[in-house]
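The block underneath contains the structure these notes are about, expressed in structure tokens.
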Amino acid sequence: MKRIGMLTSGGDCQALNATMRGVVKGLHTMMGDVEIYGFEDGYKGLIYGKYRRMTGRDFSGILTRGGTILGTSRQPFKKMRTPDENGLDKVEAMKSTYKYLGLDCLVVLGGNGSQKSAHMLSEEGLNVVSLPKTIDNDLYGTDMTFGFQSAVDIATQAIDCIHTTAASHNRVFVVELMGHKVGWVTLHAGIAGGADIILIPEIPYNLNHVISAIQRRSEQGKGFTILAVAEGAISKEDAALSKKDYKAKLAGRKHSTVGYELASQIEAATGHEVRVTIPGHTQRGGSPVPFDRVISSRLGVTAAELIKNEDYGKMVIMKGYEIDTIPLAETAGKLKYVSPEDPIIRQAKNLGISFGD
Amino acid sequence: MKRIGMLTSGGDCQALNATMRGVVKGLHTMMGDVEIYGFEDGYKGLIYGKYRRMTGRDFSGILTRGGTILGTSRQPFKKMRTPDENGLDKVEAMKSTYKYLGLDCLVVLGGNGSQKSAHMLSEEGLNVVSLPKTIDNDLYGTDMTFGFQSAVDIATQAIDCIHTTAASHNRVFVVELMGHKVGWVTLHAGIAGGADIILIPEIPYNLNHVISAIQRRSEQGKGFTILAVAEGAISKEDAALSKKDYKAKLAGRKHSTVGYELASQIEAATGHEVRVTIPGHTQRGGSPVPFDRVISSRLGVTAAELIKNEDYGKMVIMKGYEIDTIPLAETAGKLKYVSPEDPIIRQAKNLGISFGD
Amino acid sequence: MKRIGMLTSGGDCQALNATMRGVVKGLHTMMGDVEIYGFEDGYKGLIYGKYRRMTGRDFSGILTRGGTILGTSRQPFKKMRTPDENGLDKVEAMKSTYKYLGLDCLVVLGGNGSQKSAHMLSEEGLNVVSLPKTIDNDLYGTDMTFGFQSAVDIATQAIDCIHTTAASHNRVFVVELMGHKVGWVTLHAGIAGGADIILIPEIPYNLNHVISAIQRRSEQGKGFTILAVAEGAISKEDAALSKKDYKAKLAGRKHSTVGYELASQIEAATGHEVRVTIPGHTQRGGSPVPFDRVISSRLGVTAAELIKNEDYGKMVIMKGYEIDTIPLAETAGKLKYVSPEDPIIRQAKNLGISFGD
Amino acid sequence: MKRIGMLTSGGDCQALNATMRGVVKGLHTMMGDVEIYGFEDGYKGLIYGKYRRMTGRDFSGILTRGGTILGTSRQPFKKMRTPDENGLDKVEAMKSTYKYLGLDCLVVLGGNGSQKSAHMLSEEGLNVVSLPKTIDNDLYGTDMTFGFQSAVDIATQAIDCIHTTAASHNRVFVVELMGHKVGWVTLHAGIAGGADIILIPEIPYNLNHVISAIQRRSEQGKGFTILAVAEGAISKEDAALSKKDYKAKLAGRKHSTVGYELASQIEAATGHEVRVTIPGHTQRGGSPVPFDRVISSRLGVTAAELIKNEDYGKMVIMKGYEIDTIPLAETAGKLKYVSPEDPIIRQAKNLGISFGD
């Protein structure tokens, strides 16, 4: 009988539970009895031996539930090789938990950093299968991550609500969305919500262009303007600074987020009333949309197929709407950014959307 | 044939369109042809003669649409008697527009300030019927305002989403909700969303009590705490200040909103990670919930009945789940606050919710 | 330490779990430790001694979950006094389970029939507190039952979806909604969804009037018509039959539901394409709307207050938006129908809605 | 200045308006002024010259609105060459409307039959660009059609609601979903909703296998079973009949839909209570999900790009998550069925789902 360990790592997102259910349903359907060990709070549980024996029952009824029944935590990859505050070698600790439990495979649901750790453990000789979790959709090697469409759904609902109030009051609205380094959520929610201006980290903006886009709308008699702004959106000017200088500038900034900063700049330049909305962590929460539940179930069950075939060291991915796999060695550590040359940017511009560039 | 003017005034909310549809359907069903004049952007349209002739068609298909097809603006009651920047007497201007169009009645959809203006116009001799619009549910004389349940719905969805992510990460979350002076939205959304702590303007909080409520949860092994905080929540200490001193303190505050301020105080005191979510104006937007559509339709059609009966100078209200009316003279200018003695506060406390008092 | 038994009885609905959570949170907050026994599948669990000891943990996180964690079943009141197939006296069996466990109180969440049984047990000497559960909102003595607004929400969403497709195709649509004997759900969802015709059991329809209402809309250039029809809607003709004759007629009817029957009659008479939608049991499912969660929490916690005060033999109710109580003796067995004289019917008619009467 | 005609044809679905908005926004952004003619009720408007001149304003604010602002109708391709009841040659009539208006291109939003007509018009010398509309996702040549994910969303919500009520009552539920010939909606909604049994037209079922799947769940202590059944689901036995014999059998069937038929067979064989839910046309209605709004906007704007480049005779398609085009000649008339060999079927089976085969 196979023994499988499982953990969810990094920022939480929708469909983590749906994916784990897929793995466990797959294992039970194909292999009958298996032993499942769930590690608590991500790699922390593997390091410190915090786990619980789980059965099919534990994974029943969780298809629609947000969050993760295992808990999660952020364990930065770059500190994995650094001993903890008590001098514990984390990598050895993880290997030792794995051996102690006699695991046949470790299933990791995680984003970019977590995939790097998964790859490291694979290199260290553990059998690892991983699954592409992130609302950011920024994992290299997969066309889609689970959580992304659910996050876009919530972000779009926020823009939808803002639309009616913006139109009633002739105001400018800044909707600040998740995405420190990548703009996929903001780009998709911006298009889906009919935003007029979209600002993402990968396409630094020129404040003057943003302001003239707003003024152009006013002149055309369109009473309101909606900006979908990634929390990592950055001006061309700031993007040209050294990392150190940029940090210093941020520290001196009057407003705590780019959304509030932009709002005050736009008010000053245009005289329009500007309002800010920050859906924040709601974008990670709630029930996964059906799209995510379908891909999660399929990704999860494919992880179980890999385990049955003892085909380890891989991440399960989406190629279009089909499932595929990629060796961890090929994907770990690579991010998928929005390229300014991506056809979707041209399409968005042809829809009349300004990127402030 | 009767001529009816209509305007929507103050902050927008859900079901404004549904209510106007109710008025117009009622007029057409009961009286056949009527002339409808829609004033643009609230009282502004009445003052400056910006209006459009409208037909039943204009009000068709808007039952579910958020915002207001007439536009709205805030025209503070206390400046109504002050001439505008060109010396125009606004009250006379409104009366003159009313006479010029030969209106039989003016229908006003508005909140507290707008009801005061409606009452003033009524005293000035215009035939006025008003409808209780506000997400805040703070109008005296009515048990329920349209917009409130829709705002609670969106605020609750935000808490729901936060719940799953809070539980996954063992974090403290502050959800800052609408309500500068009254806490109805925060109170209802807090109960509906299962918040652990609810802070509203009417019940000033003691920061130490808030912090110990969080720590008590930690000690009981409940990994996370959710605070539903009205944007007008205030500490006992600040509530004791003079208005002037409080304003000065606010100006010097590091953080722009009470949510961010509380978050940093809680982080400092407990060491817990705290995250802030600000749904903001999304609470005014989107499609009205069925409850609001039903009461809006009923309130609106009752306004039409009043007009048919030439029974003016009244606001249409809810008494429980029934429709009733109240003379504007009795309601205008009075707010309905959450009383700390209201049974709902005792019930919430008996559910284990802390108000930090 | 108090010992409390709890059961959910009859057709399930939203907010059963939310209500039980309210009861248990209230008991724990006010009285510290209490022993909770949950009976499985309604009165069946009480009769046959199927129960489980439960803790606060069992009721944690269920505020938003549909269904009932205890399970439910229909145990018709009128058979309560009849021995079961093995000759067991059910009433004595329930009393004996109650005594065996040393219960201080039995909390019953149920609709009309279940309230009658609750009253009977109260008369038999058990301490009983009951809560008004039903999507039908047909319990006498309370202005609102939990479940109702959630059912209306889902029924309205169905009409909303039908609206866009009906408008695109110039079709007639019949949306058959829950309500065998009472029309509250259909009435409210019909108004909220903007239905053109509403047929409910309490107002028998004249088929010719229904058809002319459809034809009138066609003539006015309104391309489509939406009928919200309660599953218990009945024609004047059928309403005049004896119960026996009506049953015979039903048995011979070509179509299985009133919706399909009406559709074929309308097609025959008007030549319009008619489509039927039957949301069915979806109206009982899903997460409760915030309105229901608030009243459920308040109703539940008030049940706990009654228990603390040893104030038994009562149902907790809503008077408007406030909580109150009523002796079981005054409410049990009485239904709250839609009266054709209720102002809401006049209001709906003044909105232009036809009841086919 | 270019002149563009546009029509929506066949069964309506979500995102028709979003797609047209994409086309028009694209035309305006890239080419400034263009003349837009909207044909009413699909090809009917083109045949009989029923159209209206439209501007950008008409397409503003419709991104989220279900249905089609142009109206639609079914004009079977195979009757296109047959003169109408007045002897009118429909194809010549369409060509003549096109010429009369001096159109540069006709944009067709439609499903399989409509694409065949689009291709025919293209062969007849008209400039045509088409867009893949259908909730069924059954168009050959594109990986995704707009409308599909929105239909899956609504169908899944129905199963979600049923889940809580099924679990509370230990019942068997049949949810009958759209799909006469293809099972994509049922398959995806079934997986997303956690259905236990999925029956689709492409995989004829064996009733005994369906019944034993239900009984196996009972034996495992899983109290309820949910079947997601396409309206075109068919038993192996019936699939073996000639078309004529099958039609005769259908005519004699006691129940009007496969869902009711199955329900009575399952009740007879297992003794379980079975309930039927038929979301019906709600699956075509309501606001499109964000996924559909994004692809619709991108598909629409790409149609505008084709027009700008005078690159006609093509359908715009999705290849994975990217936009592409395919000559109408290659796609028209070909359906994309669910293959029993498709990996998604294996994945679903490995999740424990039965297809009754």
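We call the chains A, B, C and D, going by the order they appear; numbering starts again at 1 in every chain.
The definition used in the following text is that a residue touches a chain if its C-beta (ideal position, glycine included) is under 8 Å from a C-beta of that chain, and two chains touch if they have at least 3 such contacts.
Just so we're clear, the structure is a prediction, and the values are computed from it rather than from any experiment.
A.B. asks: Centroid from C-alpha atoms only, then distance chain B to chain D, rounded to Å. What do you get?
C.D. replies: 41
A.B. asks: With chain centres taken as the means of their Cα atoms, state the distance from chain A to chain D in Å.
C.D. replies: Taking the mean C-alpha position of each chain, the two centres sit 31 Å apart.
A.B. asks: Averaging only over C-alpha atoms, locate the centres of chain C and chain D and give their separation in whole Å.
C.D. replies: 35
A.B. asks: Specify, in ascending order, the residues of chain A that touch 2 or more different other chains.
C.D. replies: Residues 160, 167 of chain A each touch two or more of the other chains.
A.B. asks: When you draw the chains as points and link the ones that touch, which shape shows up: line, ring, star, complete, or other?
C.D. replies: ring
A.B. asks: Hey, which chains are touching each other here?
C.D. replies: Pairs of chains that touch one another: A-B, A-D, B-C, C-D.
A.B. asks: Okay, in this complex, where on chain B does chain C touch?
C.D. replies: Residues 22, 25-26, 28-30, 61, 63-64, 143-144, 149, 152-153, 156, 160, 167, 188-189, 191-194, 289-291, 293-294, 297-298, 301-302, 304-305, 319-323, 343-344, 347, 349-352 of chain B touch chain C in their complex.
A.B. asks: Where on chain D does chain C make contact in their complex?
C.D. replies: 8, 12, 14, 16, 41, 65-68, 71-73, 154, 157-158, 160-170, 173, 223, 255-256, 260, 275-286
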